[in-house]
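In what follows, structures are represented as structure tokens.
Next come two complexes built around subunit A: one with subunit B, the other with subunit C.
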Partner chain A sequence: MKWIWERARTILSVNFATMVEYRVELLFWMLATSLPLIMMGLWILAVRRGEFSMDETEVARYFLAAFLVRQFSIVWVIYEFEWYVVQGRLSPFLLQPLDPVWRFLGAHLSEQVARAPFVALMVVLFIVMYPASLSVSIDQPDLWWLPSWRAVLGAIVAIYAAFLTRFALQYTMAMASFWIEKPTSLENFLYIPYVYLSGIIAPLDLYPDAVRQIAIWTPFPYVVWFPATVLVEQNTIPFAQGVAVLLGWTLLFVVLNRFFWRVGLRRYSAMGA
Partner chain B sequence: MASIEVRELSKTYRVARKEPGLLGTLRHFFRRSYSDIQAVKGISFTIEPGEVVGFLGPNGAGKTTALKMLTGLIHPSSGTVRVAGYTPFDRSAAFLQQITLVMGQKQQLIWDLPALDSMRINAAVYRIDRSEFQARLEELSSMLGVADHLRQPVRKLSLGERMKVELMAALLHRPSILFLDEPTLGLDVNAQSAVREFLRQYNARYNATILLTSHYMADITALCRRVLVIHHGKLMYDGKLDHLVERFAPYREVTLELNQGVSEEVLSQYGEIESVEGCEVRLIVRRENLTPTVVRLLRDLDVQDLTVAEPPIEPIIGRLFEQGIES
Partner chain C sequence: MIRYIHALTLFWSTAIGAEMEYRTNFIIATLTSLLGLVGAIFTLSLFYQEDYAFAGWSWQEAMLVLGFYTVLEGVSASFLAPNLSRIVNHVRDGTLDFVLLKPIDSQFWLSLRNCSPWGLSSMVVGVAMIIYGGTQRQPDPLPLYAYLQGIIPAMLGIVVLYSIWFVLGATTIWFVKIYNATEALRAVLEAGRFPIQGYVGVWRSVLTFVIPVAFMTTVPAEAMLGRATWSWMVAAALLAVGLFTASRLFWRFALRYYTSASS
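Now for the complex of A and B:
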């Protein structure tokens, strides 16, 4: 147990130091994932113009929550893994008594810590631009709304369950590096349903029923929409059910991942490592 | 128990073949053709604990493939390998604790951070506790003379400094079997010599087994008494370096300083002329003719100085690779 902690602490702290080296890049990466903020502006305009089941405050609050969820569930492991395999840099990791997945996971968690100050800055900026997001409702602009501690705790659990699902999914797709040169093309392909079904461009409540019914059979709504609605206390999926679904998907991807890791490694070593 | 035991080890790669041009690309898309490349062909050898063995061969001979099979990175097509009593490809934690592979052209250190951070990660991975980590850090950094460079970002280090800290990171867990693939590649003469001296000390202090490939013969002559020569995937020679020289270069280099010039026609009666620069002459003389030839030279010519030396090993090995060896 002591060694697990020691390894985790060291991997996290050294990766954090690496991420701090990329502080300028971090700012750009974060801005590149600000789609929910852009979409929020568009949807608020739509709310002002016509009939809508959510008011301006709810829309602003949802997209702020979606932005926060994305910031702490960003996964890029497929790009890194592809590079390691193509460059032959996976080999040194294979000669150490630690599965490389822990290094990749550590890098992601450390990056989140390094990203946090920039996220806080963006949230402040967001509230200055859209003060309505922190009002109880559009009719009561002076009454402040803050999520309850239960909502915050629930959202943290949901966000990290979502992060694990996305990580397990992407790391499983990354195993394709052992067979094809550009497994990132798979990620690019999956990015389309992710964008449309996850709740980044609109809360799923606004989707037609048929689309929503299909969407909830995929992992996508659970990785953004579900944690965001937990944070703003508007979740239509019960908390325990949502987390269980995320963990179920994670388990499935982990099983697939371990299978493809073993088969892929054998192929990697057969081809020349 | 031997450190390394290799029996009839072979590796065949399947490589896709593609003709150049659009037609070749289309054919390649619809129907791929492959050919088999036999990188290593049935090699066998045993290395005892504490031995330092040179692994020689021209580019593409199969050295790196063999090293990768010995470390478990590549699965052999046939044959068996035991390293420290383990089958490398099982990659058991106990096996990985005992070995290291250093590849001169590849690095494991984190580029943007000081080397010390990479060492900390390695200490955690290999379960080295803090006090032991400090002790090993001090020991290795003083042996390599890099204590001042551990806190600089790796990208700011010179090639020689980087190689030394790479070695440090690779040896932090104190492996008993070292696989070194071109560890002095691209280093200047001083750095090469420092790395060699370090490896000699490490071998003496920990009785470590070292299998070393290098294109610099100075590495081999300084460290290895035994060499394995591999060519076209086959093991062509396994034995002492001295014997290799005797067997494949049965001649000596005789250098003369003459008091007056002598024609090449006369000199050629004593041996093969290597060079003539004024009154300094170099002759190549077969070993069995050495004594009578030296006697004749001293008797017939006005010799101021005469020295006999072994020929440099580099051309011998070069010639050996060019011509191949009958084992």
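Now for the complex of A and C:
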């Protein structure tokens, strides 16, 4: 037990130091994932003028929540893994008595800590830009809305379940590095259904029924829409069901991942392997 | 001038040759941009489903804005993104010295040394969308000269985008590791998929004055529709010239802080 703790602490602190060294890159990363905040500006006006099933404050709050969910479920392991395989840097890791996946996972977690202050700033900025996002409704601008403790705890669980699903999916795709030269192009491809079906561009409540019913069969709505609606206490997917679906997908990807990891390693032929 | 054109053809033929080694990638990139097109149109349709429309923009007119955005995305993928990682690598490895020693303008070299065919599909798709929006426009399709009216503001938009990108790229002299500056820029640019009039007040001001996304897609589309006022066009031109000059000055300023690997 003690060695797990020691290794975890080493990995996390080393990665944290690296992340803090390149703070500006973190800032750029955060801007790169600010799409929910752009969409917020469009939807606020759309629901004000059109006949949509949500009101201004609901929409604004949803997008702030979606932004937060996304910030804490960003995964980039495939870029790193591709580089390690192409450059042959995976070799030294294979000699260590620790599966490299823990190293990558640790890097992601410490990066989240390093990014947290920027995220907080961004949220404050958007509340300043649209103060009503924290009101109970647009008719009662002075009445504050805050998520309940239950919602916050539920959202944390849902966000980390979503993070695990995304990580498992992307790390599985990263295994393609053993066969093709640029697996990141696969990630770019899969990124598209992720953007359009996960609820980053609009809450799924505003989707046409047919699209929503198809989307729900993919993991995507569960990684943004579900945690975000849990946080704003408007989830149509029951909490236990949502988390179970996320864990189910994670399990599937982990099984696939271990399979391709074993087969792939046999093909790995970089310098020193 | 001739020397620069000659250099440019050499740069690009070698760069494309190198990229074409990854042919499967080219296919995946094309599929990606087609799927992205479906997604972009779907997003737009979400807004137009309940009798709502962006103020002053019919569906076909909004398609023009999306078309200009898609072209810009292609330009960024083909010309901006592949060069940025190079700039960062030069600064990290100290090889920027070799670039500075060349008898050619260093900003020119760094901005145009590389290009990749990945953005080509987006550019084609974007132009197709502009033609679709123009020919299907109600009540009358746009006349031929309208397309010409769109070209100059679109070019100005590209200059604006380039200048902002290069200033971001130049900050690598201080911050070193900024590989994803292009990603950040692209994300902010995504706001340009929709006409600026679709945004609520504060967003509109930010996207016009702070990050001038409005000048990259909305203004060219308005020009095509014959709705752009002279003041907007002059503002677009001033902005393009101003930012381009700023990018050159900034690069000179940045170079003063460059401490190469050897000195």
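By our rule, the second predicted complex is superposed on the first by the 268 of 273 C-alpha atoms of A that agree within 3 Å, B and C clash if a C-alpha of one lies under 4 Å from a C-alpha of the other, contacts with A are read in each partner's own complex, and residues count from 1 in each chain.
One rule holds for everything that comes next: a residue touches a chain if its C-beta (ideal position, glycine included) is under 8 Å from a C-beta of that chain, and two chains touch if they have at least 3 such contacts.
Because the structure is predicted, anything quoted here is derived from the model rather than measured.
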Subunit A residues touched by each partner, larger count belonging to subunit B or subunit C: C
Which of subunit B and subunit C A:S269 touches, first, second, both or neither: first
Subunit B versus subunit C as contact partner of A:Q213, first or second or both or neither: neither
Touching partner for A:S185 - first (subunit B), second (subunit C), both, neither: second
Partner chain in contact with A:A17 - subunit B first, subunit C second, else both or neither: first
Which superposed partner A:T236 touches (first subunit B, second subunit C, both, neither): neither
Contacts of A:V195 with subunit B and subunit C, given as first, second, both or neither: second
Partner chain in contact with A:R7 - subunit B first, subunit C second, else both or neither: first
First, second, both or neither for A:L94, with subunit B first and subunit C second: first
Common ground on subunit A, meaning residues reached by subunit C in one complex and by subunit B in the other: 22
In the complex with subunit A, residue positions of subunit C that touch it: 22, 24-25, 28-29, 31-32, 35-36, 39, 42-43, 46-47, 49-52, 55, 171, 175-181, 183-184, 186-188, 190-191, 194, 198-200, 202-204, 206
Interfacial residue positions of subunit A with respect to subunit B in the complex: 3, 6-7, 9-11, 13-14, 17-18, 21-22, 88-89, 91-92, 94-98, 266, 269-273
Contact footprint of subunit C on subunit A as seen in their complex: 22, 24-25, 27-29, 31-35, 38, 40-42, 44-46, 48-52, 129-130, 180-182, 185-186, 188-189, 192-193, 195-196, 201-202, 206-208, 211
Residues of subunit B touching subunit A in the complex: 13-14, 65, 68, 71-75, 89, 91, 93, 96-97, 99-101, 106, 108, 110, 112-113, 117-118, 120-127
